[in-house]
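Look at the two complexes coming up: chain A is in both, with chain B in one and chain C in the other.
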Partner chain A sequence: MSTHSPTYVPKSAGAKWLESRLPIIGLVHSSFVAYPVPRNLNYMWTFGAILMIMLVLQIVTGIVLAMHYTPHADMAFSSVEHIMRNVEYGWLMRYLHANGASMFFVAVYIHMFRGLYYGSYKAPREVLWILGVIILLLMMATAFMGYVLPWGQMSYWGATVITNLFSVIPVVGDTIVTFLWGGYSVGNPTLNRFFSLHYLLPFMIFGVVLLHVWALHVPGNNNPTGIDVKTKKDTVPFHPYMTVKDTFSATLFILVLCWFVFYMPNYMGHADNYVPADPSITPSHIVPEWYFLPFYAILRAIPNALLGVIAMFAAIAVLAFLPWLDTSRVRSGSYRPIFKLFFWLFVVVNLGLGYLGAMPAEGAYVIWARILTILYFAHFFVFLPLLGLLEKPKALPNSISESVLKKSGSGMPQGAAAKPQDA
Partner chain B sequence: MKKTLILAGALIAALAMPSGAALAAGDYVKPPRHSWSFSGPFGTFDREQLQRGFLVFRQACASCHGLEYVSFRNLAEPGGPEFTPGQVEALAADFRIQDGPDSSGEMFERPGEIADRWPNPFRNKQEAAAANAGKAPPDLSVMAKARTFERGFPWFITDMFTQYTENGVDYINAFLQGYVDPPEDLDILAGNHFNLYYPGQIVAMPNVLFDGAISYTPEGSDRPVAPETVAQYAEDVTAFLMWTAEPHLEQRKRIGFQVMLFLLVFAGLLYFTKKKIWGRLGEDGAPEYRA
Partner chain C sequence: MAETTPTAEPTRRDFLFIATGATAAIGVAAVAWPFVAQLAPDAEVIAAGAPIEVDLAPISEGQIVRVFWRDTLIFVRHRTAEEIEQAQETPLSDLPDPEPDSDRVVEGREQWLIVYGNCTHFGCVPLDFQGQYRGWFCPCHGSVFDTSGRIRSGPAPINLPLPPYEFVDDTTIIIGEAA
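Coming up: the complex of A and B.
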């Protein structure tokens, strides 16, 4: 137990020498060993660590893939096949990378919905949340460009559709699109710059992730009760409590990833992307990757192209304003009975939009997409602002440890649970 | 509870209805489910089937379709048809491969070697299109992964749990047997053909499989090793195309099982470690803070 002193004291001569010049061991110790976290965090709070692992996995597999990949319009497709067939464990690297991207988004969406439910975006964590929104945007850009690299039909036509979105910008739209393409259509220059940016952006993500962690460690973690840490009794040191819990949770998550990688590696992709890109044949059904589908549905729900693009980007941008749109002072949804209903409605709206994004934009699908788009924005601009004013929240516990001890129940004498006012 | 079930049923019905309507507009029949030796977590290829499939490919497909990403050597490698190295060398030597330029700058022809790729039947796409009524036959190397069909709700969700990934091969298998007489009111232009399973049902490729057309009888025997039927030919060549599309499928599933097993045990150990560590917490918090 004595190894877990709250501040790091170097023991060996070498560590003392380094620490007096660059206190990096102390920084790591205070951030990932002694760092106090609320003792009542549930498994939803392990997705931060899972995302960190996924980012590293993507960077490592990506670097190996880049050693064998050729970013040229005539060779990209066959270089991917070369990786799949002739590179030792190339298939494993590629399937880990492709499915890893999907699972990265699974984790990030769970992480975000957790934040939405427990009010993790509220003061004093607004900057932390906004940095998260920036990470999401960077992830989306990275994933989109990554999907272009195999240069299959869906790569090519997905790139064409998405880059063309910028052409709706008045006056300068066409110029911007030409600039993005490096020509007058998606072609070799586009593939080259996408590869370059696809390699760059993950390192930018990594940088923003460090800021995100920094911004987390100033106010500390939110927790399922949403109330602040009051005493040391409310917390546990990060190591070993969270390290072992995060590792356990991450192992289960990787188990799910492996299910896809080893047994159904192409489930989350499109068959069309095994057809080499052909500018003269348009696929009957151009669909983005599943993690973009809700936003794609919003784009197509609006008949005017410019407004559709604005709505799509607004659907992401609105998240950055969330800390000020939600007027409730109570953080955790657990104590907000009506908010809870609207939260789950919002989850269903997102799933519904995802389904509609994969369907053709016709008939009843469009009508549903419009209804759900309205509900999506209403959540931010109507429900959340009004709920904070109208809803009567349940009584909050006095402290985190009180809520924990109450829950674990029977073993504790009733008096003990009500006691901790001292300290 | 009953009410919830009825509501859930209504929701599913409401979601399923528009997709049914969309299918009618798409104009194709969903391929039937076939049972494959390579499906599921322990699936492996049937070597004999892959060897027969290769025979079908050579006799029925290879005159029009390429197999660009397959090298002769692959045919002898583990996890595939596993022809003997001698068989593959002899096979490769049957082909004339253009090579060069030699030291005097001339291109020349030489017998094929096992390192060579499977030779394309046409020199280029233009020649392929010109020889086939304007439409170049696609390369078949990754065809088994490049085709699919709509699974629809809720199957695309249940597929995740049942590990159904045979969309491509089920489609190809059905397609090869899908050349039936067209409906009488359908006008089909010359050079086009009717196929039940092809999206749109009008396809440039003609039927290539006929009962008894390819011999499954080995030399020196008087009985075929498998039925010489269209259904058998289609299944065999489809399995072969699954292998060309995913040559490391067996290795992938084998390693996958080991990895899953390791992760399960590891997760179990971590669970008990976690329980033990968190068990130290009392009502007055972590022992680390007590000192």
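Coming up: the complex of A and C.
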């Protein structure tokens, strides 16, 4: 990590003493100060830092909430109301945590679509990408278990539906579900173990994030042109260039979070979750949190329970194989005119599935969910493999610095093509 | 071990190596066992799952009553003559999970249908008297059940299962069995 940057030289006696025993200041310096990044990174590249901030925010607010929350089926619901009404600033902690989870997914989806558009998953960044998929899975598990903790109607029935997904596994399915529940249905033992795991998983995410950053710093950042860094002229040091850009972007992002927290804190939740869990009544329309909706739509689109569950998990697992499904050697979508169309089609497909996941499973909604599910998988198994073979990409610039200087020098409209996601 | 050539006769060292490895593997499994077993329903949960007695006398014709056994919802439905007839006359070829109504009730007591109350898809509670067949309709993913609790359309793979129960007398049933 430190080979391509001015080395940190400790000045004070204390720093020298520490550096010769544990070179941690040098590691931070080479990773987050002198670390060279491509000079053309746009604002889409600030979401990694935003995600790091969101993870810390979730952990800090979560630890505070755990100090006031009671993980028991009879007391969980009222302990959440206790946090809202009695604990000093408890409402703030809970709304930050609940809306923070939603905004965490906003950031991670933007981060992923950026990677999809600019081909950040391609060699030599496959491991970096796969670690990202693992983080996504951990985030989903964490978010799901967190949503169960308030023990409202949506918590209870969400937990019932999701744990029952495992019952479709042939032969051992029912045993697995019983072991997940610790009983004959979702109940107090389920709540207890979910609380334990909900506390554990964010730290596992933190560990995988460190690996993710490590895997990033070996090949270095991808960039909007997708071509490799060739000379020192192509890069700028992380500090101050990216630290300032990340800080600015994170500030705007946190403003959006604050808008939700202070002005519409329940907008992304469901009113039904303010009704205590009742095993004898299912809410008339149960839907998961918005960030699960596209996958929920895929689950419901398939009329067979086992195949539906397989399709839903496959929709996430397929991401891990993306580096090998995309046959094009050109990384950036900016130089792939046809890919660009399919990329935006894929974005629309995902938004469409998200919409359908929130609608009741009947009539035209089911038909559309099936069409979009086919398009979702076709993107990975048909479009991406074929595009790499059939498409003729545009000419790539000779270097990153050339593309930047040409753009700023002549004011050519190419710049617009380099970052269409800003629109 | 590095000096051991593949053609050489097994030595005492090979034996010790395999024996040590096998012992370690058994040890790992023995330690893992309690960590998995603790996930199972505990003694208190099992004890609370003893059979329950349900008095049918107050349940009027056309009514569905909800009871819990082992924290699991059970529908006790007092079917009308029309509902019974409808369930009996459905041809088996119309059913995704073919099962005659006579297999799902006790002979001579056809008015009593006792089924688990969670949809066999993903466990939501279907709504009473809803759907095309006026049996149940699951609001979660659209499964439709008839007046015998059999799946008619939608994603649920099988009929609503029957809990273990027996009639003690005309108006009393015992639901459940010992764990």
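Here is the rule we use: the second predicted complex is superposed on the first by the 404 of 423 C-alpha atoms of A that agree within 3 Å, B and C clash if a C-alpha of one lies under 4 Å from a C-alpha of the other, contacts with A are read in each partner's own complex, and residues count from 1 in each chain.
The definition used in the following text is that a contact is a pair of C-beta atoms (placed from the backbone, for glycine too) under 8 Å apart; a residue touches a chain by one contact, two chains touch by 3 or more.
Just so you know, these numbers come straight off a predicted model, no measurement behind them.
Asks: Go through the superposed model and pick first if A:T7 touches only chain B, second if only chain C, both, or neither.
Replies: Neither partner.
Asks: First (chain B), second (chain C), both or neither: which does A:M264 touch?
Replies: First partner only.
Asks: Figure out whether A:R85 sits in contact with chain B (first) or chain C (second), or with both, or with neither.
Replies: In the superposition, A:R85 contacts chain B only.
Asks: Have a look at where A:V244 lands relative to chain B and chain C in the superposition and call it first, second, both or neither.
Replies: A:V244: touches chain B, not chain C.
Asks: Between chain B and chain C, whom does A:S20 touch in the aligned arrangement: first, second, both, or neither?
Replies: neither
Asks: Which holds for A:P360: it touches chain B only (first), chain C only (second), both, or neither?
Replies: The answer is both, since A:P360 touches chain B and chain C.
Asks: Does the superposition put A:R39 against chain B (first), chain C (second), both, or neither?
Replies: First partner only, chain B.
Asks: Have a look and say if chain B or chain C is in touch with more residues of chain A.
Replies: B
Asks: If you stack the two complexes on chain A, which partner ends up touching A:S284: first (chain B), second (chain C), both, or neither?
Replies: both
Asks: On chain A, what residues does chain B touch that chain C touches as well?
Replies: Touching chain B in the first complex and chain C in the second, residues 284, 360, 362 of chain A appear in both lists.
Asks: Quick one: which bits of chain A touch chain C in the complex? Just the residue numbers, please.
Replies: Of all residues in chain A, those touching chain C are 157, 160-165, 167-168, 178-185, 187, 189, 193, 279-286, 300, 302-306, 308, 360-362, 366.
Asks: Could you please specify the touching residues of chain B with respect to chain A in the complex?
Replies: Those residues of chain B that touch chain A are 15, 18-19, 21-22, 41, 68-69, 74, 138, 141-142, 145-148, 153, 159-160, 163, 165, 167-168, 199, 245, 247-248, 252-253, 255-257, 259-260, 263-264, 266-267, 270-271, 273-274, 277-278, 281, 283-289, 291.
Asks: Write out the stretch or stretches of chain C touching chain A in their complex.
Replies: 36, 39-42, 45, 49, 66, 68, 70-73, 117-118, 121-127, 138-142, 154-157
Asks: Can you check the complex and tell me which residues of chain A touch chain B?
Replies: Against chain B, chain A makes touches at 1-2, 4, 39, 78, 81, 84-85, 91-92, 95, 231-237, 240-241, 244-245, 247-248, 251-252, 254-255, 258-259, 261-267, 271-272, 274-275, 284, 355, 359-360, 362-365, 401, 405, 412, 416, 420.
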